[in-house]
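Following this message is one structure expressed as structure tokens.
As written, the chains take the letters A, B, C, D, E and F, and residue 1 is the first residue of each chain.
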Amino acid sequence: MWAFIHKLGSPKWFYDISERLQPWFWAAAALLILVGSVWGLAFAPADYQQGNSFRIIYVHVPAAFLAQSIFVGLAVAALVFMVWKIKVADMAAAVMAPLGAAMTFIALFSGSVWGVPTWGTWWMWDARLTSMLILLFLYFGVIALRGAFASRDSGSRAASVLAMVGVINIPIIKYSVDWWYTLHQPASFTITSRPSMPVEMWWPLLLMVLGFYSFFIALTLMRTRSEILRRESNKRWVRDLVREDG
Amino acid sequence: MTFRLEARHLACERDDRWLFADLDIVVGAGEIVRIEGPNGSGKTTLLKILSGQLTDYQGELYWCDSPMRQVRSDFLANLLYMGHAPGVKAALSPLENLAWYQALAGESGSESARMKALAAVGLTGFEDIPAAQLSAGQQRRIALARLELIERPLWVLDEPFTAIDRDGVAELEQRLLAHARRGGSVLVTTHHDLTSLGELRRIRLGRGVVHAGQ
Amino acid sequence: MAFDSLQAFLAMGGHAPYVWTAWCVTAALMLGSLVHARAERRSLLRDLKRRERRARSELSREEVDDT
Amino acid sequence: MQVSESMTAMEPRGGLGVAIAATVRRDLILMLRRRSEIINPLVFFALVITLFPLGISPDPDLLATIAPGLLWVAALLATLLSLDSLFRADFDDGCLEQLLLAPQPLPAMVLAKVAVHWLLTGLPLALMAPVLGLMLSLPTGSYLMLAASLALGSASLSLIGAIGAALTVGLSRGGVLLSLLVLPLYIPVLIFGAGAVQAAILGDGGMAHLAILGALLATALMLAPWAIAAALRISING
Amino acid sequence: MQVSESMTAMEPRGGLGVAIAATVRRDLILMLRRRSEIINPLVFFALVITLFPLGISPDPDLLATIAPGLLWVAALLATLLSLDSLFRADFDDGCLEQLLLAPQPLPAMVLAKVAVHWLLTGLPLALMAPVLGLMLSLPTGSYLMLAASLALGSASLSLIGAIGAALTVGLSRGGVLLSLLVLPLYIPVLIFGAGAVQAAILGDGGMAHLAILGALLATALMLAPWAIAAALRISING
Amino acid sequence: MTFRLEARHLACERDDRWLFADLDIVVGAGEIVRIEGPNGSGKTTLLKILSGQLTDYQGELYWCDSPMRQVRSDFLANLLYMGHAPGVKAALSPLENLAWYQALAGESGSESARMKALAAVGLTGFEDIPAAQLSAGQQRRIALARLELIERPLWVLDEPFTAIDRDGVAELEQRLLAHARRGGSVLVTTHHDLTSLGELRRIRLGRGVVHAGQ
């Protein structure tokens, strides 16, 4: 077990294994997103209430799911880095954070754009929207903190502490924001209270969600590999690799 | 039990440059060890590693033959560290500054002991003036008073002579010597000549070359 | 197929601006991160190669000095 | 070198109580000696509260509606600003380095420092808030709850904020970054704090809110000292 | 000592343009190198705006009523916080001492520093405010005026705030003290700035308010550089 | 016109204690003057007064025989001051730091001049690294590079040898000597022995007694 963790933590091992895994995830991402998009945009039936504006769901929901998952992933990576001192975990965390922020932004943006035809407003202080906005700020904090240190090592550890503190707080924030919303204003329209979706609408959504996850994994593998090269640039195996490469 | 600080195969890299590599150091009771080297050779970095403040190094540290990680709190109870920053609160008087250091060591301490320590570093008459109103050298002398006040076997001192005048330097040298005679040990960096201390163990850092030895 | 013609598809039943901005921004951000990742990797490799070449030439120069 | 005596390794001894007492005393002296440290957050609080009628509208009904929220937000910002200096002075003059090298357990020591901060910042803010509530025509019946919720909530704010302060202490311009790190984490406290006052105005007492604030404080008390200690160790590393 | 050549006293020469350009370039590099310096006030602005609906109420009508005031107060606070670091870094590392001993006229040099601060803080805040206005359901028709009034007003805020920053730069924990000194002076800017937005909402254009903001800025431009220079000389005296 | 800094009947009191009183100092072209005294005797205070930074003193200051108040900007164009703080921006590289100093002096300057100045203080190879990542001594060396770079007759240096290693100290001494030979003048405080400079003018402060003279 212990040995396995450390093997997993060896940058070279990770570099090699991810090289083999990466193409599969890229292929899966391309296929799933392509099929999902065409299906969702062109073939799924229009919603009986919202008409065609509901097609935003196929980018909105995958992005929203991913945004929350990535933060959990960030915290797990931080924990692994802090407890077992596995540097690859920190490199992954470093490249995951900006992508998570981008996904959060996509969810927020597509949601606001969707809000105009359905709610008649760009933004309202609904519980879920607000907690998504706060998640975006948490991402900004983690990214800014990592960049603020002169020494990369300290930046990594500080960002890890913040990610772990943040992930403990996310359920608390979510719970309190839910509570706050119900306190103030009767729920006129919430995202959850909708008729459950017909299967023709649901299938493309599932494909898109899976596609987004594949994309995230593939991109994270790719950027982590770059990060490994950058940080290990004077290790023997990297120099050999560079030399072989040309 | 007598004490011993040991570093094996110590190496530290900064920005793709090895400050030192494969360094073996043993500091035992009664020794004064001087770390030498030109500016930027890694003296401060080495002292911070040896005192357990910096953790990005390679190699192993031992305290009394146990790995440092396991006996860190034992080690800290034996260490007195003085860095580039003196650790003196400008708004507090010398006496109040020392009182806090005594308490940190777990002693409640007596005022007369603190007065004696301040007298020993030439601050008689300045005991109750806020440190902000003292000169650069006087502020460092407050920090030096800790050497008198708090009983610790291992002293780690980074440029302790900074800003100290000639008489002060001579007194401090005598203090180091006396500590070693009593069986304590001292790890020190300085650009001053420590002629009055006689032959010292030296560790030279610099330009990638590392010499350790008598 | 939920639409009769390409026009209808592009018009999205009057919701074109919303649907297409949301989708385009998403696509732009995802493609952008992909392009950025590739550019990052390429420039990094170029950098490493240059450094490696320099290190090797320095090494050989030292060997020449020694002889 | 001839060694006349022989010195042996010392055992770590307790003295935690002494060390904590001395740290509390020292921080109290430091704050009281520059009395403005204590008064400044209070004046900031008052000034921010006066800005709102100027910027929004002097209409008492409108102000009364938004008063609980404004008071809580302003108090939160005042706490936040005062936090930046919690460890910074110690960092700059090297005392923090010494604190970290002391044989005492670091979480206990930082808890002492945070306690002093709350005593001289959060508590006075809570005591002063009712006066400002009066100025914003806060409805009667909620004054006590305002003070109580602020007193309880600001303790959590101090603890959570200290994590951010510890993370940014080594950075030359941490002030605004600190806000960025800490404000998202403050939101639950704000919601339940302002909620308590609003509940009191609506007449249902708000004890449920206070209980939740207490639970938040208990959680923070258990977790924050360790996070602060870890953050300080990172910051001192550079 | 045998003196081989003889050196004579040098005449002060101009080079003010070179010095100002170099200072502007240096400050820009410093800010851009730590990009977070620029982003952080923006995020702080957004965060503070988020706090209000959470503390007050998510009701869009209520929020729309108070939006101009909230936006202006939050922008003002963001500027204020970013000001603390305007001279502090220079003071700590001794560069300020050197700036004061330079043969160039000090008011011109500090004006260059303040201009950089406004360019990288005030202007981005003004550009970002409309987005936050959207979130607070600010009525349409006032967005342009919001940005314009903030752009004009924040220049005055930077100038006035710099006086406070210069006065407090020698004090170890100036942050909160700075707010006290500066906030009262900010009140006219706040009143006319928020007033301009409210006037635009009511439909009368708000150009009169903008004109007054311009007049305030002109006055600040004439007087503040001298006050800042004098304040710096006092601070360095210690 | 040759230059001269003169102080007449200078006195300074701190907290009811006279640091110095009735001090007459003349610094002319080609002179090195060393201010001596134990810690807290008022050396820094004196230098700050002489360079026009502190104003709470008694007595008069003259630059080229005109009262300082009237010719302050003339005086500043001739002064190079280095205090306890090195005046080096940690986030800028040595080259960028020097570029600002050159511009402050009103020169646009050339990169090659800056490189030469850095080489003269032993910072070759560190020109583009942020100063934050340099050691204490290397940071001070950046400040010392100003002596090479910017042409000013009067140097006022407060403890310029702080944190500098032995070779660096020797080089700096030679630089002071060369400056004096060229007709410049130097006012310096230090606790180092400046033996290689031969006999210097000294001004001793301390314990209320003030000696000025050869």
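Just so it is clear, contacts are C-beta pairs under 8 Å (C-beta built on N, C-alpha and C of every residue); 3 or more make two chains touch, one makes a residue touch a chain.
Chain by chain, the UniProt names read as follows: A = Heme exporter protein C; B, F = Cytochrome C biogenesis protein CcmA; C = Heme exporter protein D; D, E = Heme exporter protein B.
Nothing here was measured: the structure is a model prediction, and the numbers come from that model.
Listed by label, the chains touching chain A and chain C alike form an empty list. Set side by side, the interfaces A-D and B-D show unequal numbers of C-beta pairs in contact, with more at B-D. Chain F has its Cα centroid 57 Å from the Cα centroid of chain A.
With centres set at the average Cα position, the gap from chain E to chain F is 35 Å. For this pair, chain A with chain B, the centres built from the Cα atoms lie 48 Å apart. Shared contact sites, meaning residues of chain F that touch two or more other chains, fall at 84, 90-91, 133.
In chain A, the residues touching two or more other chains are 134, 137, 140, 144, 148, 150-151, 153, 177, 180, 233. Here chain F touches chain B in the complex through residues 14-15, 37-44, 84, 122, 126, 129, 133-138, 141, 159, 162-169, 191, going by the rule given at the top. By the touch criterion given at the top, residues 1-3, 9, 12-15, 18-19, 21-23, 25-26, 29-30, 33-34, 37-38, 40-41, 44-45, 48-49, 51-52, 55 of chain C touch chain A in their complex.
Chain B meets chain D in the complex at residues 1-3, 29-32, 51-56, 64, 73-74, 76-79, 81, 83-92, 96, 99-108, 151-153, 180-184, 198.
Contacts from chain D toward chain B in the complex involve residues 1-16, 18-19, 21-23, 26, 29-30, 33-34, 89, 92-95, 97-104, 236-238. Note for the complex: chain A touches chain C at residues 41-46, 51-53, 55-56, 59-60, 63, 98-99, 102, 105-106, 109-110, 113-114, 116-117, 215, 219, 222-223, 225-226, 229-230, 233, 238-239, 242-243, 245-246.
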